[in-house]
Each structure stands twice: as C-alpha cells, then as structure tokens.
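Note sheet for the following structure.
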Amino acid sequence: MSRELSPEAQKEFDWLVTRYPQREAAMLPTLRLIEREFGCIDPEGMKLCAQLIGCSPAKVFGVVTFYTHYKRETDGENVVYVCGTLPCALRGSDALADYLCDRVGIGLGETTEDRKITIKKVECLALCDQAPVCQVEDVDWLRVSKEKADEMLESLGIPKRETAGAAAGGEEKRS
Amino acid sequence: MSAISKPSDTLAFEPVLTRYIGKKDSHTLDFYLSHGGYDAAKRVVRDYKPDEVIDAVKKSGLRGRGGAGFPCGLKWSFVPKKTDKPKYLVCNADESEPGTFKDRVINEEDPHQLLEGILITCWAVGIETAYIYIRGEMWRGAQRLKAAIDEAYAKGYLGKKIFGKKFNLDVTVHRGAGAYICGEETGMLSSLEGGRGYPKLKPPFPAVEGLFRCPTVVNNVETLANLPHIFNRGIEWYRSIGTEESPGPKLFCVSGHVNKPGVYERPLGIPLRELIYDVCGGIPGDRGIRAVIPGGSSAPFLGPDELDTPMSYEGLKDAGSMLGSAGVIVLDDTTDLLSALLNVGKFYHHESCGQCTPCREGCGWVEKILQRMHDGRGRSEDIDLVDEICNQMVGKTICVLSDALAMPAQSVLKKFRPELEKLIAQGRPDVLCELAREPSPAL
Amino acid sequence: MSAPAKTVETVKIKVNGKELDAPKDQPVLQTCLDNGIYIPHYCYHPALSISGNCRMCLCTASNAPKAVISCATFPAEGAEYTTESEEVKKLREIILEFLLINHPLDCPVCDQAGECDLQEFSFRFGKDDSRFEEEKNYRHTKKLGTNVRLYGNRCIVCTRCVRFCEEIAGDAELCVRERGDSNIIDTFPGIPLENPISGCVADICPVGALFVDDFVHKTRVFFLESTTSVCNMCATGCSINVDTWQGEVQRLRPRHNPDVNDYWMCDRGRVGYKYSGAAERLSRYEVGPARAGSSAGDGKAKAGPTDPPRSTRAPSDFGKALAAVSDRAERVRREHGPGAFAFVASAWMSVEEMFLFRRLATTLAGAVPGEAGPATGILAVADGEAWTPRVGGAFKIDSDRNPNRKGAEMLLLGSFISEPFSVLLDRLESGAIKFAWVVGGIPDFSPMDRFRDALGAISNVVVTDILPGPLSERATILLPAASFVEKDGVFVNGRGWAQRCRAALPPPGETRTELDLFQELLRRAGERERVLSAQGVYAELAAEVGAFADTSYKTLGALGARVTDDEPAEREPTGREAAKR
Amino acid sequence: MAGPATTHAPETPSQTGIGERLFLPSVVKGLLSTLRHMMFGESFTVEYPEESVYAVNKFPNDENRRFRGEHILVKDDQGREKCVACMLCSAACPAVCITIVPEEVDWEDRDRRPKVFEIDMLRCIYCGFCEEACPCDAIRLTPAFYQVSRTREEKVYDKEKLLNDDPDDPRGKYQSPIHPGK
C-alpha cells in the first residue's frame, strides 16, 4: 500500500517546494510534514518522501538516520528528550534520566510496551540556563526537579509516586 | 522562557539587542514598529548603495558572533559582485554548541530584529533568497519566526519591491532535525540542500560556491541582529562599545554552577570574573571555581587563576582559549573534571558526522578511554595517550569538530593533570565523581 | 590511447622538489599518480566525485598552513607540494592508526587480503602496532543485493560505492546510514542493490567490505594469475582481467580502458566465464559416417532430426577428424561442385578465425567460374536490453549480445556472405547442400527450428562448438572448440574498437583452438606452410583487410585501437566531469 | 678475526708430551665413556618395529616439539577446526602438498572453514613452514613419524584424518592441550 499525503499536507508540500530552487532541498521540511501526518517516519514514510522529492529512498534513509530529532518507527507516542550535555549534567540530568527511567520502568532509549513513552537522552537543547531540561514533543520542561519530573510524567499519564511505583500502575490508570 | 536578568548594578550598561526582551508581545510586528522597527532597513534600502552598506559594516568592526569571529563586512565582500548565479543568505540559527542559548532569545522574543538584519544584509550583497536554518528542537523559535515572516510579508517588508525599490526578498524558515554538525556553516548548507549534514570541502568557500553551488553568505543570528543598531545609531556609537578589536555588545550565555544563569548582554571585553560574580551572582554556596569554559564546550577550559581574562575575541585567544559563541559554563570546585570531560567527549562522539577518519574514529576512541578512566580502569599512560590522540585529530579534517573535542580535552589534561593522575591512581573514583547526584535546578 | 587532443591548461608546480606540469582542473593527487609519485588514497577514485573523507592523501603544501588532502587540492602556480617527508609519514601513520581501530583483524578470512589497500598501506605506511585497546564497534554483515555482499565491520566509509551508485549507476540504492563511527553502508529496507553493474562496487571498494558474491570464499587473490582479455558477453567488449587458478577461471574483473568501459563491467559479463568451466564442455573429436538417405533432389521430403548422429559418431582425434573433414569435402566438391557447400560462421569468432574460415571455405569448396558458390551465413544471438549509466563515459551495455558482430561485418559481409540468412535457409533445405560447416561457440544458443532441422538432413555436417546442444547433436563430424578464455584473438566491439583477447587457460582435453584447426586444414590442402600464432594470422589479415591495415598486436597493446570510423571518437564525460556540470 | 679465543693455531708447535702424542690414553678415555653409557646409561634407542616408538617414553617431558612429524589440524574449544581456510599454509608450502577448498559456514566467530583440507604426506618435506605461516594456530607438526601405508592414496591425509583427536593416537594426543574436553 502506498501512502499519500492528505490534501492539506499536499498543499503545504506544494508550497514548500516553491521555496527552494532544488526540489531535494525540501527534504527536511517534507520529513517534518510526514512525521506530523503519520506520527513518525517509518520506511513507508521515507518512500513517500522519496517519491515526493524525486530521489532514491536510500538517500532519504541516509538522511533520516543522520538526524536524531525525527520520530522513528520504534519511538513511542511521546518521546521524552532528556538533555544530557554538560550544563544540564552539572545540574543533575544523569540523575534525572535515571529517575525518569525508574519511574516509567524502562531503560534509556527504550519504549514502554504500550508504545506510549520513549525516554531518550539527547545532546544540548540550548536551554542551558534552565538546566536540567526535558523536551516532550513541543513542550519544554525547564529546571526539572524530581517534583517537576513527576508533574511531567503525570501529563503523560503516569500517576504520581504515591499511587504507583511502577509503570504498570500508570498504564492501568490510563486505559 | 529564558530568564533575562536586569543589567547588574555593577555595570551600567544599557542593553541593545535584548532591550525589548521580557516585554509583552515583543515578538510582534506591531510592538517592533511602535519602537522604531524597520527604520534602519528602510533608510538603508532607500539611501545607501550596497557597497556603502558593506563599507559601513566593515568600518563598524562587527565580527561574526557564531564562533569564529570573522569580520562580517569582509565576509560579504568576498561574494562576487558580478555573477549570473543567484546569491543566497543563510542565517545560522542552529545554535547547538553546548552552553549557548543566545540566538534562541532573539528568535523567540525579537524575531523582527533578525529580519531587519536580514533585509540589510540582502540589500548589501544583492541577495533575493534567504533561509533561516533553525534547530529542530527550537519549535517555538521556528513558530515565532514563521509568524514574523508572515507579518513582514503582509506589510510588504518581504516579497517584491520592498520599500519601493527594485529589491525582492524571500525568507524561509528551515527547521533542522537534531545534528550539531549542521551548525557548521558548510554542514548547514549540505543539510539545507536536503542531504546528510556533511561539511563540505573548503575551498571553495561558501561566499564563492555555497548553497546550491551559488555564492552564499552565512551569518549567525546575533550578527544579523546587530546590523539595525549599527545603522540606527551610527558606527561611532557602535565602536564605542567593547574593545578596539572586538566592538559592540555581545550576548553572554552563562550556565552551570552560578546563582543566576542566563543570557546577559554586555560589551565585549568584560572580565570573566565580573561576568560570573557581578552579573551572575557568583557561585552557589560561595564555593570556589574549578574551571570555566568561556566559549561553548569546544573552547579550552580556563582555570581559576584565569578569571581576569577579558571576554573578547583577542583576549581569550591570548589566554589560549576562545570566545566562540560566548557560552560560559562554570564548574565549581565540587565538580569532577574527568566526568565533565567525559561528558564533552560523549557529546562530540555522538555528534561527529563520521565523514573524516580522524574525527569519526578519534572521537569514539577518546570517549572510550575517558570512559575507562572514569570507570576506574585508567592507567597513568592514558593521559598522554589521550593527549596524543587529540594532537592527531587537530587540523586533519574537513571541519573543526574534531578540534572542538581535542582542544578542551587537551586543556584539561594540561591544566588539571595532577588531579587526573590522582583520580587514576585511586582506581575507582569516589562518589564525588558523578557530576550531580540529584536533579538540582536551584542548587 | 588516442584521446581527443584537447588543449589542457597547465600550471607549474613542484612535487618533492621535482617540477611538474599540472593540469589546472585535475587534483594534485591525480597529477602525482600520473607522474609516478604514489600517494596512498581510499576515497579518491578518478571516475567519481571528490569526497575527501579518508584523509589518507594528506600532504603538505607551500601555500597552506595546514596539511592538505591532495585529492581535493587543485594546483596553484608555483606551489610546492611535499608527499615524502617525515611530517607526511607521520600523517599517514596517524590516519592508518585511526582507520584500523575499528577494523577487525580478519585478514585470514577476508577475500580482499592480498589486494586490500588497507592491508597494503598499513604495511607500507603504517605503524607496526596500535594503541587501541578498547572494544571495537560492531556493524552489520548482509547481502546488499543478489550479487553484492557487505561486511560492515571492515568498511572504512570511504563512500566510493555510494557515490558510484549515485553518479555512475544512477539508481542511488546505497546510502550511508547513522552517523559518526556507527556510519555504515546500507540499502533502503526492501530495495536491494540491483543495478546491472552492481558488481563494480566490489571492484572500487578499497577494503574487504564489499564483494561480488560469486567470488566470496573461492580462493586467495595471491594465487590468482591475471590475463588481460576482453569480455565476450556483449558488443561492448569490456576490457577485463581473467583471473585463473588451478586451471579454472575464478573471476573476471574490469580493466580500466577509457575508450571502452572506463572502470566498469556489467554483472552479466562478470559471470560470463561460467560456461567455459562447465563439466559438459565438448572436449573430444568425434567422427560419424555421412548421413545416408538424403540423396540429392528429394531432400525436402523428409525433414526433422531423423537420426541424432550422436550415437553414430565415434571418438576420434584431431588428425583423424581433420582428415575426415578434408576427405569428405573433397568428395563433395568432386561430385557436386562448390554449390553443394554451406559455411556458417559465428559472430562469436575472433577476427583471425573469421579470416581463416573465409579462406578455408574457398579452399574446401573450390570455385567453378559461372557456377554458384557455397551457401554462407552467420550465427548470432538475439539482442538483449541495452543499458547506459546515468553519467555518460565510455561504458554502456550494448543491446547486441555478440562480441564480434562488428568484426564479422568488416571481414565477412560482402566478400564472404552476400546473401541474407533466409537464402541460406532455403538452400540448406533444398537438399542441394551436401557439406555444411557450422561454427557455433555461443553458449545457450538455440538456433531457429528451420536451421536446426535442415542441418539434420544434410549428409555431412561439421560442427565446431564448445557446449553440447542442438548444433552438436546434428553434427556428423564434431570438432570441439576453445572458449574465449582459452584463445588468442582480436574482437571488434560495437563501436569499432579492436581489442585482444588472450588465452588464460589451455582448452579442455584434447581440444585445439579453431585457429590451429583452420590453419592445419589449410596446410593439408597446401594453402599454407606453417601454422601461425594468432599474432601471425593477424598480421596476414592486416595486410589484406583495409580497415585493419597499420595495426598489429603491438599497436593494439593492452587497450586496443579503433579500426573503423563509423562513429565519432569523442568521449562522453565521466562521472566527475559530469557531476561538476 | 684472530681473537684470543681462536682455536685454530696450526703454526704453534705442539707442546704435548709423548703420552698425548700416542693418542692411546685419549682413545681409551673415550671408549670408557662409551662403555659407561652402554652398560649403565639410559638407552635412547627403540627396537623398532618390534617396540612401539610411542609406547616407550623416551623423550623428556613427553614432548619433543622440535621434531617435525606428521601434521594435525587443531580443534577449538567447541571441537571445530580452528582453520579458517586462509590458505597461507598452502601458499607457504615449498612442496605444494596442501590442497584447501574453502566453504562458507554460519558460525558466530567466523564464516569460513575448509571444505577440503588435504596434505600429501608423500610430497611433504616436513619443513614446518605451514605451521609458521598459520595465523590461527590451526595446523601443527607433531612428533608422529610413522610413514606406513599400503597405498599411495592413504598417504594423502584428508580433513578427517588431520583433525584426529584420539588421545591414544600418536598425532591425536597433541590436540589435548588445546582441547581440554578430551
């Protein structure tokens, strides 16, 4: 089954390609578009991108794997990016990442079984004065203490510590 | 939201680039116009010939704020005047140097200032297409810039026949997707062309053959944001700020172990000590300083005895470090430098694009050795080995990413050698060696 | 060879103190290589765009503060480059140490060992030890396509293969995925590397990361004996090396020839040697009695392969078989005259063989003024699909699957073959033909039914062929032939480029090459004193046939020469030139 | 050159006495030494073929590794041949007596082994180059030296024969240090 963009997205794509003198230059924005449309960039999405841009799928594959900020097929619905670079690390991002993993019950870079949450350590998010920082989809969580981390997890459907110690409890509550 | 502190009492400096930041709706066109926005651009486009603009910028002494500090006007003058190829401006908003978050403030809070700078640049160089390459992670900045561009189009400040002159300009926001190397100017061009963000071979330099093999000017956000002020208040005024070789105000990003981290606008040349203690309120718990990274994580570390270094391009160069993007990271005396260095090593290993052999293999190798040392399996020879590998990585690659790891690593090995030797001798480092045990926003 | 004389702008540079004229738009590396100054390199390939990522070719230049990569440095007037100094030596050691930290030490199992640039440069330029003690990275091993296999751990990410697929093959099936030291070559999931020249990625791979599947674990390259030759699978006639070991062809490799195939050859040609080593190869001379029951005149009455004469043929030897051929030809000529002969050549013969066959035909059939001559024709296989790489260059896959049709046109058409094939068929079927000599030599050949059936009804059918098949089944005298890896000769490709094919192996069993066979028959008929080598026959041919005049084996050399001027000689741009546009 | 330790000094006039010049005492001395070894010393010879060479432990430490006899192919700790068919032994062999045909295997640590590994013992000159060339310590020369067979074909050792790990076999027992399982 070959995929197609929705009419609105197609319109946006048509506009996008007019902004660049070469079609291939629209690669990154097009991937963003596909990411938004289909929730992640999977091989089908890459194929679609290749078809839209007019290049080989392998090229798109190379590009997608080069960048870390695209949502891959293996990622959960919400990806929690924990900044792990020096300014954040100085303010305890390692401990924060451990805490989050512990709370959700997965390891770094892993996804919960219900495919809701992925926790990834990323490099600098350019919010060093607000360290430690997390980014969940389009929300920046600044100066994340354990309390704030709980708050963040709650927004992702994981109840506060008092109610459940493990991820399983959170999942139950959500369903 | 980034906290922009009020200018410190110790230094009466009226901010220029950040003066509207923190005000309500500072990102809107209405606000910008009501505060004299686009006046400079209007005047420049109407009254100046392109060459005159370049001359003025040359005279102002504006240096690129992205890291290398290359004179801005000189860079523009390298673009061939007569060419049948289109010319491009790429605004580098891919601020990814650890410890740097100044461009984010401008993008999010005062995007029109940037657009005005872009207008002036494009008029000066004769460019009709500009791209703002912004980090994928900065979703809000991208939104604000897009909105600002829409506003500007609607008002006729972008598009065809701007200010009634034969001057067309299209600006497009291009979002990156999480690759440090795309902050390198040629890596950014590769990425903008739709490929992997591989830096390109130089020469040819972008000014001659850059984006789509056409002449291209690549400027940092802060550089461009300086332009309207130069034309609003004049070259004399501009040169009166900062030092002779590094004129103008500069956004300093201070993070790490300070009481008030944030973006501060100060003239170039401010002593590091003043920045840390007077502007940022000193170190939490009145602890001492172990080291300071003055210009983003790729700059060599400074020791506590070097706090009087002036924060300017030439001052830091003399001190054996660099101003870079002016991302000051302060490490207090509880910090384990090996862990800090390992963190830097991890960053560069993760962000190496993998094109050139020395960087691809070297960054990983250095990280592996540092990790081994950190895990308590280090040997006394390892320090020399890392130093030697760093030597081997410097200056042998297409871009300077391998240098960006090698230089801070070598500075740490040199300046803090006894400490590292002690750590190695101890074997398994003690608990202090973790950078922080708790997520501690307040400290 | 005779490249179009284009004025090349040069500048004067100095390399290691030696003054050189360097073409302006050619990297210093290539100029050095052309002048015998060797600079080690991995990512640079003359046919591909410059990537500059391996850093192996670092050298110092008088006009640059840092070391420069010579592959991306274009000569500046008066500049001095140093490729042999302590500093450069150190640079090379550094790069090699870096390259080897994640490269496994599996030379014993790696088929590249012996022709591996990494191995060779480590030996010549590297240090004897490594200070790397950590764990090496692991990367995948997989089949990239039907023909190509990847050993990821050995890859040094020079991206030659990626650039090849993008710039030459045009389909860009390969990419580098991930980044940093996890960089690895891969295909898009579900879209394998399947272009018709995919095997070339293995040739240009400087290390043992990519292999043509056919050659994996076959033998060691240091055992191989190379013979320069020409591929026989189509009219492109790629210059190749035939690598043999222990009397068997192990692989074919393209050989650089700017006028024919650049650096490439197609996957079909690459395995085009297989039939030559087939177990069922014909290797015995067999002579059977003349076919009875097909008396003159009523030949048409019975048709079809009535008796496959295979059973009636008895093993013979070279001498006896030749005697049988001349005896029967003599008898037919006496009884029926030249009109009772048919000679069918093949577009897979070398020009020397065609030349001799033509002469042999006149000798055997004789000529009677006013009477019809022998029936003649030529066998060829049907056209296949043509294919051109994305970026011009000299290489293409010709639709004509016959290696020497052009040569046949030049030597046989008009002078020897004057009638269309249908006339030959009519004459074969008329029953008037009493002696037919068919040269096959075409693997997987299936002649048209009419031809096959007609042969089955002719009393004397001499077949020269390499594999058993419809032709050999109908032979009354079977003469085994040599395949292209076993014979010397010249082939003219579709663009009129004559190249030498050289014998890499002896023919199987008692087989003698056609060259010997034809000459021996001519000698027995008193037409020739000595049996000459292919070179000697070519000299005769060159003296007689205008198009080949002034050429000899010596002038043909390793790369061949143009012998027709049907087509203009201009070269299409190669990868880098075209990529620049 | 002529150092103080030079033993050849023919010009020097002999300074020996009459007893020494007769040589008799020396001869007797030598014969006595021989006699002593013959009567009382340990015998190093074996009464072959009645006596089995391998049964009698004549060699110190049960291993005279310097002796180059017939080959074995060494097994790894999983009982597979260590040989990866790199063919360096056959390349090094001056007698051209090693025939190897590699084949692909699906093992985790290596993907290649010899399908055919034959040594023509009649051509072998026991030079030991193969052992030296081997990068994997996969081929060794053992002290075994029986060269008895009824046909020439028997003396072409195939892989099975070379991989012998029977501890009672004169060759096979040299697997044991590598192959603790046996």
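Chains here go by letter, A, B, C and D, matching the order in which they are written, and residues are numbered from 1 within each.
As a working rule, a residue touches a chain if its C-beta (ideal position, glycine included) is under 8 Å from a C-beta of that chain, and two chains touch if they have at least 3 such contacts.
Predicted model only: the values in this text are computed from it and were never measured.
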Checklist outcome for this item: Joint neighbours (chain C and chain D) are none
Checklist entry - In terms of CA centroid distance, which chain is the most far removed from chain D? => result B
Checklist entry - If you average the Cα atoms of chain A and of chain D to get two centres, how far apart are those centres in Å? => result 66
Checklist entry - How big is the gap, in whole Å, between where the Cα atoms of chain B centre and where those of chain D centre? => result 71
Checklist outcome for this item: Between chain A and chain C, the Cα-mean centres are separated in Å by 53
Checklist entry - chain B to chain C: how many Å between their CA centres? => result 57
Item to check | Junction residues of chain B, two or more chains touched | outcome: 179, 196, 350-351, 353
Checklist outcome for this item: Each of the following residues of chain D touches two or more other chains, namely none
Checklist outcome for this item: Residues of chain A that touch at least two other chains are 55, 59, 62, 66
Next on the checklist: If we use the touch criterion from the header, which chain pairs count as touching?
Outcome noted: A-B, A-C, B-C, C-D
Checklist outcome for this item: Counting only contacts in the complex, chain A reaches chain C at residues 43, 46-47, 55-62, 65-66
Item to check | Footprint of chain C on chain D - complex, ascending | outcome: 84-88, 91, 102-104, 110-112, 135-136
Item to check | Parts of chain C lying in touch with chain A, wherever the complex brings them together | outcome: 165-166, 171-179, 186-191
Item to check | Partner chain A, residues of chain B touching it in the complex | outcome: 1-3, 86, 95-101, 103-104, 129, 135-140, 170, 172, 174-180, 191-197, 212, 253-257, 261-263, 293, 297, 327, 329, 331, 335, 339-340, 343-344, 346-347, 350-351, 353, 434-443
Checklist outcome for this item: In the complex, the residues of chain A that touch chain B are 19-22, 24-29, 31-32, 53, 55, 59, 62-63, 66-70, 81, 84-87, 89-96, 99, 122-132, 135, 138, 140, 142-146, 148-149
